[in-house]
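Two complexes come next, and they have one chain in common, chain A, joined by chain B in the first and chain C in the second.
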Partner chain A sequence: MLRYIIRRLLLFIPILIGLVTMLFVLLHILPGDPARLMAGPFANPDVVETIRQEMGFDRPIWIQYLDNLRRLALGDFGRSYQSRRPILADLIEVFPKTVQLALAAEVTSSLIGIWLGVIAAARRNGWADRLIMTIAALNLSFPLFWLALMLQIVFAVSLRLLPPSGYGAGFDRFVILPAITLALPSLGLLARITRAALIEVINEDYIRTARAKGLQGTLIMRRHILPNALIPIVTTIGADFVRLLGGIPMIEIIFAWPGIGKYAYDALVFRDLPALQASVMILAVAVSAVNLVVDILYAFINPRIRYV
Partner chain B sequence: MKSMQHVLLTLCVALLASLMVACAALPISSTDSTGAAQSDDSQASESAPSEGPRMGGVVIGFVSSDPKNFDPAAIAGWDQGVIAPNLLEGLFRLSPDGREIEPAIAESFAVSDDGTIWTFHLRQGAKFHNGREITADDFKYSFERVLNPATRSPKAWMLSIVVGAQAFQEGAADEVSGIRTLDSHTLEITLAEPLAPFKSMLASINLAVVPREEVEKWGEDFGQNVVSAGPFSLGDWNLNQDVTLNAFDDYWNGRPYLDAVQFRFIQDENTRIVELDAERLDIAWVPPAHWQRFSADPVFKEKLGWAETFHTDFLAVNLDKEPFGANPKLRQAVRYALDLDAVIASLQGRATVAQGVLPPGLLGFDEGAMLHYPTNLETAKALMAEAGFADGVPGSFEVILPPWGNLIKLLEIYQANLKEIGIAIEIRPTEFGPYMEALESGNYSLAWMYRVTDYADPDGFYYPLMHSDNLGSGGNYARYANANVDANIATARATVDDAERAKLYQAVDAQFAEDLPYIPLTHNIYVDVSRPRVQNYVPSPMDTHMFHRVWLAE
Partner chain C sequence: MKRNALSPGVENQIPLLGIGVILVFILLAGFAPYIVRDPTQIEMRREQNGRTITPPYPPSQRNLFGTDQLGRDIFARVIFGLRTSLIVGLLVRGVSMVAGTLLGLISGFFPRIIDSVIMRITDIMLAFPVILLAMTVTAVLGPGLVTVCVALALVAWPDVARLVRGHVLSIREQTYVEAARCVGAGNRRILLRHVLPNCMGPIIVAFSMGIPGAIMYEAGLSFFGFGIQPPTPSLGSIISDGRGYITTAPWYPGFPGLVLTLLVLSVNLVGDGLIDALNPRAAKAVDSRTSTA
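And now, the complex of A and B:
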């Protein structure tokens, strides 16, 4: 198991090198010149040229690329073109806020989603099942920005219960609306997956055996059905968390949440290569880490799965 | 267990239902907040005349992104420019409405008869935010810092006309010989040639004064820890979240009424409006979708802030390219054919028709003196015939423009207008970099473009756009060269007398109206809305929001 984890961690390195290379190529293919953006609109071409030289953009591309890789290998993310501040300092501030929001959203959607799925499966084809599945379908088809705006209008403007946007330290009320907006679509998905997984297990022979020997319904659900249906659910939560990390920039922009998504967006607009590549690297590591955790969880859920 | 499930289920249904009724609830909630706001306002108007400006309080404004850096030598972005004039100050400053250049740290100044030697007498007792008194040496240091190539300042060109600037930049001299301190409060700047707009350049935030000891203390981090001399000093700054500016007690022109002003970084325009409605934001730009509501609302329509910005949209014509470049009649026909009123209506009236490149409000603008081109298809067709294209211009022509969504809709209106006189244009959105490169290299025939100025002076429009020294990459993208126009612009640059300058620019305008190297379209109007408690706030045509004299009625 430990060897497996170490091997998976080592795999991060080629992934990151590939990613950095891809970003570098993309940013150099994409139109847009950071020196010109730094100089501002209608800048004098001499000014643009001076900045280009000062920043080393006039060197051959492959030298810039190798220099960039060398610095990253030494753990130096560099300074942002825009703020001239060390990027590491920025990331330490913004990344935890994104993790906070993502966790709040994922915990909300997992708890409610699984619970709704369990009810639906337990009362399948009953009114509760139909209602839950209808809600789930509706959730899936709401555009996020619309959902966000409606939540803002209802809870912030009409009811004045919650702030419409912004950030407060810790898990306080600022996190509620963006977390719900992020959680609602995956909540429906999770409810459906849970229901399907449970129904599959419910139809198994060993469940009929459990019923036949007179076990109580809730006990069967908790002891026999849920554990055996967990694999697809955990897979979905993992995949959903990854989706959530990717979908977060838009939510961060709408809710003025000062996380890494908004940070990366600004960096992209400004062609701030060091800031952008550091943000993307962190997100990539986060995604790989989530996948790794899901894989490790499989082994705990199903002891038959072994990693060597 | 079962009842618990029912409760939670009911909650889910309630949540869903509340989402469903949200749309229906909207008008009700807005009348609610109107009612509340109205009572606020009536209280304010009752108390305002007797009390006058009230001290204290915090106004919460917005910009769309974190400005990242307030180092005057580094500022080039919109978000920085909105906030920075509250923090940074130099010899001169702009009035809150952005229309006057006022003395700031320079109490008085004199220009020699030949216009090259500028002597500034600094205010006694004007202080930096760190409490130290500002001296002439600080200005010499600050200006040399902007010129120093190691600073990478995008605005170093503003000082390139100072004697000795080039030698300093090339490393041939370790100081700028044209910047001298006569005594601790007298600064003398010698220019290589007279330059009237130099005064407005000195009012630019990029030439604000900074204390050497703080710049050296913070090094590369000075931009996040700026110390200067504006009415507010830099307070808490939460990355990507907000920045607070605190009132500077020792400001030479009196402490601001407010205790502080906080700028929140909110990119989403709907979120800003929701924040305004939730009374957590005092000022918001009015998005097109919310225009009707605010302009009809009895309270908010009184709190709309208008600024006719120093901004001109036009079609640039590459004069080196057939057929538009070779034929002024054809360009005039284009202008007559454009239905600018329809465009302005589609912008909800938030623009005015441009007759020239110069926006209203700047020296030399005289609507009466300009040649007007009213929309008139008959005149347009007659001019087409005179130009030899009675049956329309064969072929179709690309108009390049930056890839901004709203713009394409406007261009579609122009496209339909031109079709009526037999000119087919293709709308070609182009990434900003390649777009600028096409303008600079001349690899285009028609381009939509806009121009703003870094300094509040007509020179910021005429000189780059129309002087032949700036052909191509200098800003004269039309490649317009007319000896009379060159002479008039050059003389105007060197003329300190305002009335004389205005006349020179009007002569340029007359020639421009005939040649039409740029086909003027519109001038933008910026509109924002503030909460009733905010008093004495005006947005400025230079896209700055000044808070020195703003106060809060509570």
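And now, the complex of A and C:
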């Protein structure tokens, strides 16, 4: 198990080098002179030249590339072109906010999704089941940015219940709309998987035994059905969390949530290579780490699976 | 395992409904210039009930979806935007399928070194946040229809390559491949005549399941100004233009989004139908990334 984890962690290294290389190439093709951008539109040429030398933009491109890699390998993210602040300090500030949003969204979608799935499975083929499954099929199809806009119209503009965008103190009124927007598209999938997993377990002999010995319906569901149906549900939650991390930059931009996705977007708009590569690296590591944790969790829940 | 609660008879009808909607959309988009009026026609003043009103005009018989702030007909703009969406969806998915299938075939069939190189590249691409990568690529190439297609095809092929490789790995060990080799077939012949046809089921499903993702990412890119540029209409940029009018003219961002949702939903329904019809279980893994836009 430990060897498996170490091997997976080692795989991060080529992925990160690849990401950095790709971004470096892409941002150097981008038209525009970073020194001029940093100096501002009205700076005189001397200032631009000084900045160029200070930041090393006058060196050959492959030396800039190797220097960039060397610094990253030493854990030095550099300074942002835009704010001139150390990027590490920025990241320490923005990353927890993204984690807050992601957790709020995932907890929301898991709780509601599983609950809907349980109801659908318990009243199989009844009207509640049909209604939930029909909505579940529709859910996946909403474009996130449009969903966000519509929720803003309804809850912030018309009903004035919630703030349309911004950041408060983490888990407060501000997190509700972005979290729900992120959670809604996964509700359907979770409800579907939960329902299918439960129904498979319900048809097992030991459930009939439990029922035959007179156990109550809710108790059977809690004690016997849910635990045994957990494997596909947990796997789905893991995969869903990865999907959610992919959608997070978009949501952060729309809701002005000052997380790492918005930070990366701002960096891209400003052609801030060090800030962009650092935030993309963190996001990529986050996605890979979630994948790894899911695989490990999977082995714990289902002892039949062993990794070599 | 049944995925749908509806009775079997109704369940079989649902993909047909999706096909119907898609056909209507294709017809509307295809014959757009003959059906709707000029989407660029501006109308800054209008007489109504004896009063002069200014745009955006609410939905009426004349403007089914209302108009925007310049008095341009939103229905016409949506229909032309639908055109863009359909072109991008098919083109992006087509290109990424061909590239992904080729690389998947090569990766699954040829020696380990080539396989690892291709798979490490897919690792890198899959670790990249999709929307940020697409934005970076369109920023580099300059926004527009072609660059959006390039950017989205670039982010979409790794999924396909993985899927195809997985199937090739199992097919490679089949007896009929061994038999083909024994009678002297070369690598190319085995790949194209024996391996590829046996991967076709999952490939077709992946093709249809990937179209909604491409359509939504195009709309997302255009929404953020990284995609299709005016005057080419795109559903994403219409919605983005309408953001400022959500209080005064909710129909402005509302209807384009509804049409986009309906289009994506229909393609999804057809994809679900294809899965049921062809039943390649592994292909379902593909749709995990399609809904992030």
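Following the convention adopted for this analysis, the second predicted complex is superposed on the first by the 252 of 308 C-alpha atoms of A that agree within 3 Å, B and C clash if a C-alpha of one lies under 4 Å from a C-alpha of the other, contacts with A are read in each partner's own complex, and residues count from 1 in each chain.
In the analysis below, contacts are C-beta pairs under 8 Å (C-beta built on N, C-alpha and C of every residue); 3 or more make two chains touch, one makes a residue touch a chain.
The structure displayed is predicted, hence computed values, not measured ones.
Shared-chain residue A:Gly246: touches chain C; no touch with chain B. Contacts of A:Asp90 after superposition on the shared chain: chain B is touched, whereas chain C is not.
Within the superposed three-chain model, A:Ile220 lies out of touch with both chain B and chain C [touch as defined at top]. Legend: residue contacts after superposition of the two complexes on their common chain; A:Leu103 is shown touching neither chain B nor chain C. In the superposed model, A:Ile176 lies in contact with neither chain B nor chain C. Once the two complexes are laid over each other on the shared chain, residue contacts for A:Leu149 go to chain B and to chain C alike. In the superposition on chain A, A:Ile301 contacts neither chain B nor chain C. Once the two complexes are laid over each other on the shared chain, residue contacts for A:Tyr167 go to chain B alone; chain C is not touched.
By the touch criterion defined above, A:Ile231 lies against neither chain B nor chain C after alignment on the C-alpha atoms of chain A. Counting contacts as defined above, chain A residues 30, 132, 138, 149-150, 152-153, 157, 253 meet chain B in one complex and chain C in the other. Contact residues on chain A toward chain C in their complex (touch as defined above): 11, 14-15, 18-19, 22-23, 26-27, 29-30, 120, 124-125, 129-130, 132-134, 137-138, 140-146, 149-150, 152-153, 157, 185, 192, 195-196, 199-200, 239, 242-243, 245-247, 249-250, 253, 261, 264-265, 268, 276, 280, 283-284, 287-288.
Chain B makes touch with chain A in their complex at residues 1, 5, 8-9, 12-13, 16, 18-19, 22-23, 25-26, 28-29, 32-33, 65-66, 68-69, 71, 74, 76-77, 149-150, 152, 154-157, 220-221, 223-224, 238-242, 264-268, 270-271, 274-275, 277-278, 280, 431-434, 436, 440, 451-452, 454, 464, 473-475. Partner chain A is touched in their complex by these residues of chain C: 1-6, 120-121, 123-124, 127-132, 135-137, 139-140, 212, 216, 219-220, 223-224, 236, 239, 243, 246-247, 250, 253-254, 257, 260-261, 264-265, 268-269, 272, 288-289, 291-293. Considering their complex, residues 30-33, 36, 38-47, 50-51, 54-55, 79-80, 82-85, 90, 93-94, 112, 115-116, 119, 128, 131-132, 135, 138, 147, 149-154, 156-158, 160, 163-167, 218, 253-256, 258-259, 262-263, 266 of chain A touch chain B.
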